[in-house]
Amino acid sequence: MTLLDVEGVAKSFPARRRKAVVRAVRDVSFRLDRGQTLGVVGESGSGKSTTARLVLGLIRPDAGRVHLDGMDVLAARGDRLHALRRRMPMVFQDPYSSLDPTWTVRDIVTEPVRLGRRRDRAVPATRAAELLELVGMAPAFAQRYPHELSGGQRQRVAIARALACDPDLVALDEAVAALDVSTRAGIIGLLQDLQTSLGVAYLFISHDLALVRLVSHEVAVMYLGRIVERGPTERVYAAPAHPYTRALISAVPVPDPVVQRNRTRPPVLGEVPSALAVPSGCAFHPRCPLATDICRTIDPPVVDLDDGHAAACHHVALITKEGVS
Amino acid sequence: MTTVTTRPESAFAAFRRRFVRQRLAVVMAGVIAVMVLVALLAPWITPLDPNAQALLDRLAPPSTKHWLGADDLGRDVASRLIIATRATIWAGLLATCVSLLIGLPFGLLAGYLRGWADTVLSRAADALMAIPPLLFAMAIVAVLGRGVTNAMIAIGVVTAPRFFRVARGVALVIREETYIEAARSIGCPTGRIVRTHVLPNMMSPLIVQISVTMGFAILFEASLSFLGLGVQPPDASWGSMLQRSTRFAGDAPWLVLLPGLAILLTVLAFNTVGDAVRDSVGRENRRLA
Amino acid sequence: MNAVLEINDLVVEVATAHGPMVVVSNVSLAVGAGETLGLVGESGSGKSLTTLAVLRLLGTSARIASGEILLRGPDGVLDLVTLPERRMRDVRGGRIGMVFQEPMTALDPAYSVGEQVAETVRRHLGLGRTDAWKRAVELLDRVGIPSADRRAHDHPHHFSGGMRQRVVIAMALSCDPVVLLADEPTTALDVTVQEQILTLLGELRDESGLALLFISHDLGVIADISDRVAVMYAGQVVETAPVHELFAAPRHPYTRALLRCVPSPGSDRLATIPGTVPTFDALPLGCRFAPRCEHAAAVCEGAPIGLDTVAATHFARCVRIEEVVS
Amino acid sequence: MIRTVAARLATLVVLVWVVSLAVFALVLLIPGDPTTTLLGDNATPEQVTALRTSLGLDDPLLMRYWRWLSGALQGDLGTSMLSSYPVTQAIGDRIGVTVSLVVSALVLSVVLGLVIGVLAAVRQGGWFDRLTLLGSSIGIAMPNFWLGLVLVTFFGAELGLFPTSGYARPGDGVGDWVAHLMLPVVTLAAGGVAEIARQARASLVDTLRLDFVRTAAAKGLSPLSIVGKHALRTAMIPVITVMGLQVSRLFGMSVLVEAVFALPGIGSLMVASVFDRDIPMIQGTVLLATVVVVVVNLLVDLSYGWLNPKAALT
């Protein structure tokens, strides 16, 4: 059952220098089912964070449609918009600035409950304890201030705040990127457990391909504001259809020296160009080993392959026939 | 399940702990407290009538009758210093309030909402800050008329752009904080965000600026009174006492030294406390102060 | 072993309000020519401080309390701990180059990148302005800056993060050092750029027989570039072994747990390590990992644990290796 | 570069225009009738009407503003309400004194302030640093006219080292000119030295913590070259902002110093005008002083581009 339906969303920002425009997100479409996780991967400047904010109604897109559970997010205003946002809260990357330093943990995690009511009536004292227990923290933390918590604990509080909204969907924007390896493992486990017990869907935004593979049912790969490939996670990882996806997957070092040193890795040329000057045609063509004339002039449409696997590349046929090396 | 290991410490308790560690600032906070107390009780604690002239005691050096000597009209310097505390503290408060009432709302508006309102207000503030502050205050006094109230309104107007800048700058930083976006993402309306998230996080930089403005205003009150534009005779102000003393500096150096030291100490106290507040704010909002 | 850089029993202290606090405890490491030693650990494990201590760039709050840092060269052995500051300056940027984590802030915004490379060349090789500039351009070209002769005149803010990191590498290698210290040099970069930088560093090491001390928290990167690996936890080296052995047969429970915390294809759960890293003011007396260790027993507590020899080149700081492995 | 200068000039014009509005608006704040202020309560209605016409008080506000502004643009700031002496000429007669005072004090503040600030920062936490922190706190809190009085009392009156009042034109003997300016300049500069030293110290201490300074050290550069070539250039940026503010502050404070040392500059002109409520004179003085401040700030702004190439882009 489709929970989130995003169709043709686009957004440009005016650059600091006049006339120039940052084309942050271009023609992004995807669907997400209830209780599922969509992983969004990409390098810096790919527009993955902006996409999340557009979908959640935090930034107004220039074009496109967003529906949550059949309701038009972009048409909502005022209280209706605020109520809609509470159905899809966000957890942010930086655990040190996403919690108001002047508030106690109790006030932070129960704020959505208070917002959801007509009057600022007192929230039952047990609510904070319940929420903290849900994320594996002792009730005593309710009286603490954010600066007294470790990074992992703060991120748990942020997750508790999101759960207090009773959400259909939680957007996780690089939510574990700032954490150490062992702390990160704990948070990921918690998120997986919560999905199982509460049936919440995740929009999991990350630059870490291995992590996305671990948690996502579906994955969308973004490059310079476009989704260049999407599909069921294992299909995309096993048989990437877009040259960028292939390059990205092979660039991630595997924590096993035997595997890592015996991989054949296609060289990736250069670096991601600025979103101020998105290349003509296919945005990836200057770095693509397969680029031909058509790639330089025409932006490839998204082509459906099979079973919901789709890619935007003129040479999809060539790659899929050849298989993965 | 993670457990709690140490006792919770509120942000304020942490602030107090760091503040108390700065000895000089604690002393200076005491100085301010004493000044305020003296200002409140002044009429009852002066040893002699501060305005009573005694020509026989003209320029009398410090003695048991006049602890700190007497001025050219034979008035008791100690009593005048004490009574002048009133004008000083009152002037500082008045000017700071005017400055705060103009600067804070506009600064909040410009910083949090950005856009054209910010452009217009910032340009206006830049322009007002380019005018040499003392000249500007003098010009305002000239049109409104001499006197301590007008002088302090003038100083409030002159320092308002600085308040505006601080408020705007802090609001600009806070609006980019992730906790503001987090509040938006759980459907918190803008008015409520400003009230419950932006304002509380502005408190420490505002306290710093209030303290600094107090010091600035007291210095300016003294300056304007020294020029004869602030507190009017026969009322005493440290600045106006200095003005009279100019002519007798050689014969009665205490007339020059004491009021100046009083001004220096008071301004130093407000500035030091302001700095200490800024340094005592925790790492979590250090950027703002 | 003929190590170019050898750290013996290094202790680093940080000054706190309650007196000095030991944050690097008796760390010993060695890197040979043409070899890469990967130093891996989580934040606060002391890996960065160890590297900074080698160049004596600890700043004012931290200091080397004891130990020796030996730099072997054709003219004998220098102990960098006791070397006079003036001679230490010849070592920095001369015999030992360093690459930092944050390419965006590591360069001076006020000077062109060419000038910043040439400055090092002038300082150590005594070349004149023209020759130093020529060499700077050659170096920038070598590290892969396109049209280096033109771009050498540009200021750092005209370059992307990856390009800036190349500039920093050019600077570190400008005077033909024997040792290169790289402190998380790819952490701030995108994966595709990270791969390019790793390849470049590998090439440069092989070309000139550099001894490379490479710090990272990313086990994938460590697996890619290291010959040997040292794992740090709470200020100590807990295990050191050749890279293949460490990944195939880790002995210390922390190393084993760490390797299970990263995703591997096929698995859908990550292992976790219970508890948190102890703070330096409350370190356990015995094994520092014991409170979080699933194999901990009474023998682990009470007294400090030494490095135990597992094989000729494999050491682990654990008294229950047999029980752990079985 | 030309584009930057043009953009900055445009901002400057807007700024001066806003200031001119504020200065002109002063007239509107006068409670009651300006003619009463000038002629006193016993004036005949005919006198009042005559004065109103001659001052143009009956014309529409915009017209009065335009007349004043276009005059000001041509160097005519009106005439004194009391002496019918042209404002421009009155200011011209006295500006030399104030400018020599302010410029000398500025140079002294910058040179001394920078040297002290840098020395304190490189030995952060040392005795000199602590002394600098204390000294600058006192310097900033000290009323400078009081310092002037103290200097007059001890150096002038007691020791007789320097003249304590009046002014000598440089044309009448440079030695005399310097002697007359010595105490006023020291008085005026004290606060500036304190502010600049404090800012320079804070800024350099912050800069020395930055990554690129560590890079410079890792290159094997000497401390002199790390501070002098790398850190100082970046550290100067906020210091220059403070210098810009100092120009405005010194101009204001010179009023007090001129009062203490009886110097015939625009400060004493301003004081006299305020007592006389001579509005055109006050408006002219404030506007002119502001223009000087704004132009100096423009120069300061432009030097940013050299210190920080990133700023030159925007």
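By letter and in written order, the chains are A, B, C and D; residue numbering begins at 1 in each of them.
The criterion applied here is as follows: a contact is a pair of C-beta atoms (placed from the backbone, for glycine too) under 8 Å apart; a residue touches a chain by one contact, two chains touch by 3 or more.
Not measured: the values here are computed from a predicted model.
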Checklist line | Count of contact steps on the shortest path from chain B to chain C | finding: 2
Next item on the list: If you tally contacting C-beta pairs, which comes out ahead, A-C or B-D? Let me know.
Entry: B-D
Next item on the list: For chain B and chain D, let me know how many angstrom lie between their CA-based centres, rounded off.
Entry: 22
Notebook entry, point to check: What is the distance, in whole Å, between the centres of chain A and chain C, each centre taken as the mean of its C-alpha atoms?
Noted result: 32
Next item on the list: Take the average of all CA coordinates in chain A, do the same for chain B, and state the distance between these two points in whole angstrom.
Entry: 49
Notebook entry, point to check: If you average the CA atoms of chain A and of chain D, how far apart do the two points sit, in angstrom?
Noted result: 54
Notebook entry, point to check: On chain A, where are the residues touching two or more other chains?
Noted result: none
Notebook entry, point to check: So which stretches of chain B touch two or more other chains?
Noted result: 2
Check: Could you say which residues in chain C touch two or more other chains, in rising order?
Finding: 276
Check: In the complex of these two chains, what residues of chain D are touching chain C?
Finding: 124-125, 210-212, 214-222, 230, 233-234, 307-310, 313
Item checked: Residues of chain A that touch chain C when the two form their complex -> 43-44, 150, 152, 180-186, 188-189, 192, 207, 209-211, 213-214, 237, 247-248, 251-258, 260-261, 265, 268, 271-272
Margin query: Quick check: in the complex, which residue numbers of chain D touch chain B?
Written below: 14-16, 18-19, 22-23, 26-27, 29-31, 137-138, 140-143, 145-147, 149-150, 152-153, 157-158, 248-249, 251-253, 255-256, 259-260, 270-271, 273-275, 277, 279, 282-283, 285-286, 289-290, 293-294, 297
Notebook entry, point to check: Which residues of chain B touch chain D in the complex?
Noted result: 123-124, 126-136, 138-145, 215, 219, 222-223, 226-229, 239, 242, 245-246, 249-250, 253, 256-257, 259-260, 263-264, 267-268, 271-272
Notebook entry, point to check: In their shared complex, at which residues does chain C touch chain A?
Noted result: 42-43, 160, 162-163, 190-196, 198, 217-224, 226, 243-244, 247-248, 257-259, 261-265, 267-273, 276-277
